[in-house]
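Both complexes shown next keep chain A, but they swap its partner, so chain B is in the first and chain C is in the second.
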Partner chain A sequence: MDEKIYILIVEDELEVMDALIKDLEKFEEYFPVESANNANEAREVIDYILDHGHKVGLILCDHVLPGQNGVDLLIDLQQIPEAAKSKKVLVTGQAGHEDTILAINKADLDHYIAKPWTKEQLAEVVVSELTDYVIANEKNLLPFMQILDSGKLSDAMRKNQLTDH
Partner chain B sequence: MESNQGISWLNDTETILRFIQRLVSELDELKDHLLVLKENEVLFSQGEPLEDVYLLLEGQVVLTRTQADDSEITLTTLNPGSFVGLIAFTTGEPTLTTAKITQQGLALKMKPQQFEQYLSDHPRLKHPLQQLMLNNMIQRYKSNIRLQTKTHLLNKELGKERDDLKKAYKRLEETHQQLIHQEKMATLGELVAGFAHEVNNPASALMRSAENLIEIYSTFEESDSTYKLFKLGLQSEPLDSAELRKQMLKIEKQFPWVHERASVRKLAQMPDNALEVIKDQRKKLDIESLTNHFEAGRMIHNIRIASNRIANLVKSLKSYSRQDQNKEEFIDIREGIKDTVLVLSNRLKYVNLNLHLNDIPKTCVQVGDLNQVWTNILVNACDALNDSGEITISTKHSDDQILIEITDNGPGIPEDIIHRIFEANFTTKNQGAKFGLGLGLPISNEIIRRSGGTIEAKNLDEGGASFRISLPVKSDC
Partner chain C sequence: MLSFMNATYKQLTSIIIGLIGFLVPFLIEIPGLSDAGHVALSIFCIAAIFWMLEPVPIYATSMLVILLQVFFLSKQGILFPEASADYIPTSYTEFIGTLANPIIILFLGGFVLADAAVKFDLDKNLTRVLLKPFGSNPKFIILGLMVVTALLSAFMSNTATTAMMMTVILPIIARTQPGDPLRIGLALSIPFAANIGGIATPIGTPPNAVVIGALSTQGINIAFTDWMLLAAPLVAVVLIASWFILLWMFKPASTKIELDISGSFQKNKEALFVYLIFGITVLLWVTESLHGVGSSIVALLPVAALSLTGILDQDRIRKLPWEVLWLVAGGISLGISMESTGLAEWIITSINWSIFSSIFLVIAFSLVAIIMSNFLSNTVSATLLIPLAVSLATSGAAGEGFSLVLISLVIGVSASLAMMLPISTPPNAIAMSTGTMKTKHMTRAGFAVGILGLIMVTLYALFYWPLILN
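Right, the complex of A and B next:
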């Protein structure tokens, strides 16, 4: 599989970033993880990934960042057609209700994880979001059966076969 | 000579009165117009058209006026020699007053047309009557002037009293705000104390667990590669994501046999001496278990850093929100500034903060209160900058003054409000004020004033606002 689906983490605190990457280790075999410490770097990384013919399946984004904040970044990303497809999750201990509502309404925010998170909770959100992503964007769902939500994937595959005929 | 006489006549009502009384006794037609005044009777009432004018010969009449609110005021007391109903008589308009007899007596009652008649029929009467009338008018005019003057003085006094009241009210408002503020701070102090206790427990548990883990690892042999990797991991600093990407490319070349991306990343985070250990040992042990020991060290390092941060934040929060608000301390003000910056780190992380905290002498202040001042100014600056820009805090001192300056490079304070920002009750924030009461600057002003200092704000030529606080240096408390 040449074309890769990336998970992007945007987080400015290095220890927190470290912890997030560690918790996502088991996904890396299928979904390489990339990281950025601020919004600008996140944009560069996304551009790089897209320019090389890959995709960004999931963005886990902190809200409190130096420079542009997470919610605004996610809203901006909706303007890029390819990035608009990415699933977007806000991981934060900060955002108030207003920011969260804004992100849900404008950035098509898919989930909200409050810090501190648990490994299980994070994994659950990642599985669910990436499953939705691949169902919406990938033709061949079979390779993801092992790591993502197999039940949902097989349902989707059955439906696909029905529509194909 | 004649004119002099005329003036003396004017001043001598009694003489005129006597003259008129003599005429009345001599002229029968005048006698018919004599009216006996009985006490408590009303000659005429306010607002009525007046048919007669009365010349009071004996007794006393009081003029009163009923006001819009139905209250009655006494205007003047008329004595013999006075005309009653003179104004209405001369203007022909309804009477302005009510005339009530307060002492029985005699009056000459005349209809306007008769009055004219007397004047022309009795030349001897004409002159004294005219004089008397003029005299009456003059008296009224004089008393009018006296009243005007009195009213003016009273108004002035009233104005002063009103100003005093205003000031008192303002002071009351200020005190009220201050009380609310103090109450709020006291509550915050209590909350923080409880919170600090609750957070310090898990923070201690984290720190202790980290140290215990380190001890467990230290039972390995010093020469053991496992222990070496663990120790190097413990000393490692996390790389930022750009650096990490660079290192990962390097690792891919150096360790072509490592395919897993997660493993590449782990190796990328290792210093060269750790990578040497990995290269040496890779024949004996698999890459994963080797990197895991380094990772274990890194994790514990992270736990240490994180739990230390928690402990420091709690410490700052505690010292920031001092519970004994009203206690003065002999202290270096910069400590309070540092606490405030740390407590506000969440807000300040968006801006570039420059600290030029030059040495200043200790002084006697209420640190908790002063921290409020720094907080208010810094939060305002963050608001003005819309969370992107630069804030500079600097301290310096002269012999007897400590100067703290906080500047930002935002849009500055609108010129139309800059002179009002320290006024009590002045706020540009509305109900949605995110911090405090939105009364930060007036309260700051009050706090600085109480400390014997001054606070001023100005806009800088190059843009941005600057707050200068000067506090007196006190050698002890």
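Right, the complex of A and C next:
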């Protein structure tokens, strides 16, 4: 695969970032993980990834960040067509009611993970979101059968007018 | 699959080799071959090279084939506006007309039915019901899966059937102990059964269409029921034997597995209408010999009925796999000029066939078709071999007893018996992607099925098919 699909983590606390990266280890081989400490850095990383012809499949974003907060960042990203397709997950304990509603309505938020999370719970969300992402955006689903939800991928292939040749 | 405009180094090299292949016959004089035959050889070369190396999608090569033939070989083309002693140019309508060849329309009908079946989950629900009698013994579950897969892939694409069956077997595999060979047996049973099942009916898989299309240009029409009568008994035997091979190679350790496919038949008005149309169409197809209405004519029924009721709407029409129809049409079209320019005959007569017995020729064509389609697209393998077989039969070079239909059938069937590698067929690629096996497992089992297929094709060609054809 020349074209890579990245997972981006936006998180300012080092321990939390390390924990997330560690819990996502099994995805690294298929989906390289990039990290950013604040909103501006996140934008730079996304630009860099997109400029090099790759994609951002999933953004795991903290809410309370130095500078622009997570929800506002996610809303801003909707302006970039390629980033608008990325699956967006808030990983936070501190987003209030209103912020969360805002994220759902304006940033097309796909999931909310409350801290603290468990490794299994995180993996489940990542698998589910990335499965939806590749079904919507990738032509060839076979490379993802082993890491993502293979049943759902098979069903998507079934509905996709696959032919023999 | 990159487009022509941003080709990689490898693609560029393949394109250049193709162009050289195209130019060579223009530059050198081949004794015994007409001028038009030289041009047909050029087109054959570029098509064969593009189809084999795939610098562009295979259907794009088919489109190129039709274009080149219309440009250079048709009566309206630039090279042969007048008939001459050694070539009577074909009208361009012959070449583009392949797109409406009856077998293409039959396939269109098949696509539309399959699309509607998937939309209303008919394929899944049929699977659920049909699997019930096979119990919970792993051996019989595998048999059940293979029978159902083969049955469905006889009417739907092998690939779509495989994808659907994966949703059935993946949960079973997930519940099975990691070291149990049953996992490999299960994962291989589906693509194998789908590849084999596609042989059973004319619409099962595109190589069948190539064979039937090529024969139709020779004035031989194969009815749906004729094909089934010829092919289905072979499918049954190869399928059962493959089941034994898989059980023997991957002996299940588990003694009991549970299938839990939930769901129920949809019962809304649209779904009921789809079941009705599906039932009527298939029934009319498999009874063609009784009522005599051609299967391509019947195929228009689901196309019109599903469009009129809006079940097949504009979006779904656009999403039909039109490229497969172009692929097959290009193949039939190539056969037309290989015949009419005398190219195929020239290739054939360069070898003294009469020294070979017909059993040798059957084995040789079957073996070449199986080997080729292990590496190339099955449709392409059939497309490249069929014109040679047609000439071999029509020129009489192979002597008495070399039936045109028989050898075409050998090629068409054999093209579907290749399943040694993940690249051999799309169903194989899907099975491999699940990660339940290594390539060597597929290669070993696929080799065994290939050898078995070769033997069965030879036996059928010697004893059964002549019985039906004469």
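Just so we're on the same page, the second predicted complex is superposed on the first by the 161 of 165 C-alpha atoms of A that agree within 3 Å, B and C clash if a C-alpha of one lies under 4 Å from a C-alpha of the other, contacts with A are read in each partner's own complex, and residues count from 1 in each chain.
The definition used in the following text is that contacts are C-beta pairs under 8 Å (C-beta built on N, C-alpha and C of every residue); 3 or more make two chains touch, one makes a residue touch a chain.
No experiment lies behind these values; they were computed from the predicted model shown.
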Regarding the shared-chain residue A:S35, is it in contact with chain B (first), chain C (second), both, or neither? first
Taking the superposition as given, does A:D155 touch the first partner, chain B, the second, chain C, both, or neither? second
For A:I21, decide between first (touching chain B), second (touching chain C), both and neither. first
Using the touch definition from the top, say if A:T118 reaches chain B (first), chain C (second), both or neither. neither
Residues of chain A touched: more by chain B or chain C? B
Report for A:P66: first if it touches chain B alone, second if chain C alone, otherwise both or neither. first
Parts of chain A lying in touch with chain C, wherever the complex brings them together: 142-143, 145-146, 150-151, 154-155, 157-165
List the residues on chain B that touch chain A in their complex, please. 238-242, 244-245, 260-262, 265, 295, 298-299, 302, 305-306, 346, 349-350, 388
The chain A residues in contact with chain B across the complex are 14-15, 17-19, 21-22, 25, 28-29, 32-37, 41, 45, 64, 66-67, 69, 94
Chain A-facing residues of chain C, complex: 58-59, 111, 115, 118, 123, 157-160, 163-164, 166-167, 170-171, 198, 205-206, 319-321, 323-324, 327, 377-380, 425-427, 429-430, 433-435
